[in-house]
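First chain written, first letter: the chains are A, B, C and D, and each begins at residue 1.
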């Protein structure tokens, strides 16, 4: 399976030539062909890098949603050992859009929780395209409490178009489930490391994304709403999603500049989908480092630091104080 | 509305005569009629008392289920002030078979939780005849936690044929809901006073009936299963319910003798239905007294005493120890 | 104060307001009955014919819930900024919209908070108002909610939050989103002190407000007929193609589905809240546990505005 | 030990056993395949054709889960009494049934508990057995479960409980009912020490067992095809007139409805439990967190029976 995004085409064309040259060279290894393929390789790398350095916000959205981009289960298996998937909220159902369970990162047991969108159509349907039902958030809540009981750091991976907006979700208290998670994560007495690995939209992402450290993969997005939803609100037309993506400041560099996130995790050249195992390895060592550092902080301090961190976020004028900058992480 | 149970008939006949005599006397107050009505009053009281002193277990079941017997809402309103009914489990629904909320008994705020069967057909159907769904137990669980948060003693009133046994109840984890309540009540750091006011059957009653003090109204029943269900198991025929009632030792005096309950609350002559307001007043002062006493016990002690109390209950032979008596409360 | 009758014809579907009729009369937003404006206002804008609860301003809420002259608004000087420089192509920028919104509504933001007494009980009260930017949760609203909880902690006051919101304010992007975490954390910190938080959900309470502080109350009270939910009806229908059944997402629907403790008419709210606060405060504030009005502490240095609203 | 083949023809509906075939063969209780008895026993009584998990004895479970020769059964001398003097008119008394049951099953009660190691990890293991009085929860079972948790607390062992039960034992009346509270309290006390409790639900787990300790595990594992629920299928159909759909109340149904963490085949259970205990014990028992077998503590004074079961 190969997927070429519009803006990747210039690089893809070089790639096509490169592949042809490689084939030729294999059949007939002349010095000319060898030189040619070496040039093409360099061109491809340079062009890809140039494209990915200059991604527009809307292009970033495309990369964040790339069908071959690694997803939570890829990290659960590639980044962790001993992952045991836990199912169910003990109340109503097992939501497949959120997966989670204990696992190890660099030998250290953690509780891993993330949204998973699925790849094949059948799996995507089963997982509601990564839009969790209240059951998913309640399963996550159960796992957060289990993590606290057994003093396991929590690692969450965000990748969702948003919480599921169906009538059944409303009947079973989607808003209530989200709020309960925000409240619980705020006071969890274990380290919590949150990573946006793809698309992190709205309360549906945030409900597993409150923690001591908030990371974004380089080409992931984090937004108050999907660009389409924001466009529906602002332009009354979802077709303005690219414009919304521009306005929303949803890319990792923008959000780091606004001090709304703590850290950007670099992706391989050409994005995580170009080299999933390198991406997974990078995230593993990044998360392991974050956890190791947070584990030196006493639990009371961890909780009060986390409170202060969120307490400060926001931006307003106040006559009795200087105007606050956005975020002051 | 007047309901005469079979075995009450001898007293009811006297009552009929008495009512007629009273009417005659009102029209024609002769000394003979006056003497007659005084005799009849005494006869009625004596006969009723004699009947109620010698109730068989199955007759006790009839009294416990008497349609005019006071129910949880009668106590919520008659025994308490300031009762505010709280609804819902915040997850799926509001079960009408369990009612609860904060209220005052003798001015002291408590959390009141009880099963309510309803009286009119429509209400009985709405309340599933007092058989709670998992939602009811989860609402109770929420209220127990709220009681702990605000340091309010918990008062529970049991009156149920048992937890609802429908397919939907199974789908939503009836067993899980009951178990969670048992576990939470076992370690609640506030006084818990439990009272069987009518029929307290099976895990459906127990899931709101674990506490520091376990009381039964004189003619209530407390049983591992309804007599009908036990008969279905033992005789393979629910018609043997009266025989099952005999065998199960489900009356308050039997259970007190077996040391499985802490206290019997006397009912008015002729049962709680004969004088509901007297019954309610008695229970109010009884519960207030129990709470006042428990409030002097520090929370740690309360929880460890409660654990020890349940830990000791049971009966077995053990070669290394003397045979244990049933219950050792 | 904002004109009570400013919502003009034609009535927009889903608009729970009422119509202006010259001078003394107002038309009920649900049953179309003509009502004498003064009587209607005295009945807290509840229609005497059909019970319709029209939307209230912040001043109306204060008058409904607090004891006369007890309201001290705090930090009224908080003003929104434009943290993202939100300038959507071909549409008014956030900065422009903020200017218009203030002129239209006569308000500086979508929430107010402050001290007051309710039946003599000291409370910290925060109120959201649909009249400014659809009551959306942005930095200023989030900050005021968080301060309302912190005021509760500092002065051992019960917290009451009256919600009415379209959700998170898109124009503040992630800055708005993160207010959900901030307010939920504040509610949680307040709860750790075992003080009571009464949440009142009014029409409409949606999105990021439902998914954060508004549903974290120890007791959740909803106003009759209020639309309450996470995804709004339009989003549900657009996304899923499901047509919502009548009455979906109303207060009564949420009661049936176990999400709110009671649906309480306006006239009964104050008494019920007082009762609840006394029930929940017995162990921490035994002295409050009488109907004698307590005196209100004064002198917090950062009081910015004090307004008696009747 | 109880005869593996004692369940005789005709097969009772709902009986998840297997049929006796003279000597060396056994017939699968589900697909009716004839299986060579030794191979079938070596596969932990799982049918190689259809995956049917036939019921196991306590000895079978010990062999499945514990390291060889590590099992020390404790308090095997606990014997039931007849606390109510249960004598139902026209039916055998509890005393009579207890005598018959012991003769038939060759067991003294429906549960055993003790120490052992699982992949080198010290555990406290309790096992319920449908072979004695339908695995019902009475005083002896309740006491053994409670002691299993207390052993876990005293010796810092993870607790594993394998459930198989028809529910509370009617013949012990309220004494049986109250075992639900007692075992739930014990599980809760154990949990307060932050030690892991792994609950295994096997066919069938019903009634008072489902409604107490069995569903309080930090991880709940169910065996494929096991019937698990509160009300048994017969009670549901009798009480509500509802006909259960096929597959209702199976392990797979409970997984779908969010009630169990995983459905795990017998051959994978031991490895999964070991992995879970290590994951959950890292902060309390870092030393256990390797695959090196730990030595088992010895010398608890009240050991009554020690049996190596293979």
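The rule is short, and it goes like this: a residue touches a chain if its C-beta (ideal position, glycine included) is under 8 Å from a C-beta of that chain, and two chains touch if they have at least 3 such contacts.
Note that the structure is a prediction, hence the values are computed from the model and not measured.
Separation of chain C from chain D in touch steps, taking the shortest path, is 2.
When each chain is reduced to the average of its Cα atoms, A sits farthest from chain B.
Chain pairs B-C and A-C differ in how many C-beta pairs they share in contact, with the greater number at A-C.
Chain geometry summary: the mean Cα position of chain A and that of chain D are 42 Å apart.
Work out the mean CA point of chain B and of chain D, and you get 34 Å between them.
Residue positions of chain B touching 2 or more other chains: 90-92, 172-173, 176.
For chain D, residues touching at least two other chains, in rising order: 215, 257-259.
Arrangement of the chains shown, judged by which pairs touch: an irregular graph that fits none of the line, ring, star or complete shapes. Interfaces, counted as pairs of touching chains, are A-B, A-C, A-D, B-C, B-D. Listing the residues of chain B that touch chain C in their complex gives 82, 84-94, 101-104, 108-109, 135, 139, 146, 149-152. Against chain C, in their complex, chain A makes its touches with residues 163, 165-167, 169-176, 178-180, 182-187, 202-203, 206-207, 210, 222-225, 229-230, 232-235, 240, 243-244, 246-250, 255, 258, 260, 306-307, 310-311, 313-320, 323-324, 326-327. Touching chain A in their complex are the following residues of chain B: 90-92, 134, 138, 172-173, 176. Those residues of chain C whose C-beta lies close enough to touch chain B in the complex are 191, 194, 196, 215, 218-219, 255-262, 272, 275-276, 278-284, 289. Chain D makes touch with chain B in their complex at residues 75, 77-81, 83-84, 86-91, 139-140, 142-143, 146, 168-182, 184-189, 192, 207-208, 210-216, 229-231, 235-236, 238-240, 242, 244-245, 248-249, 253, 257-259, 302, 304.
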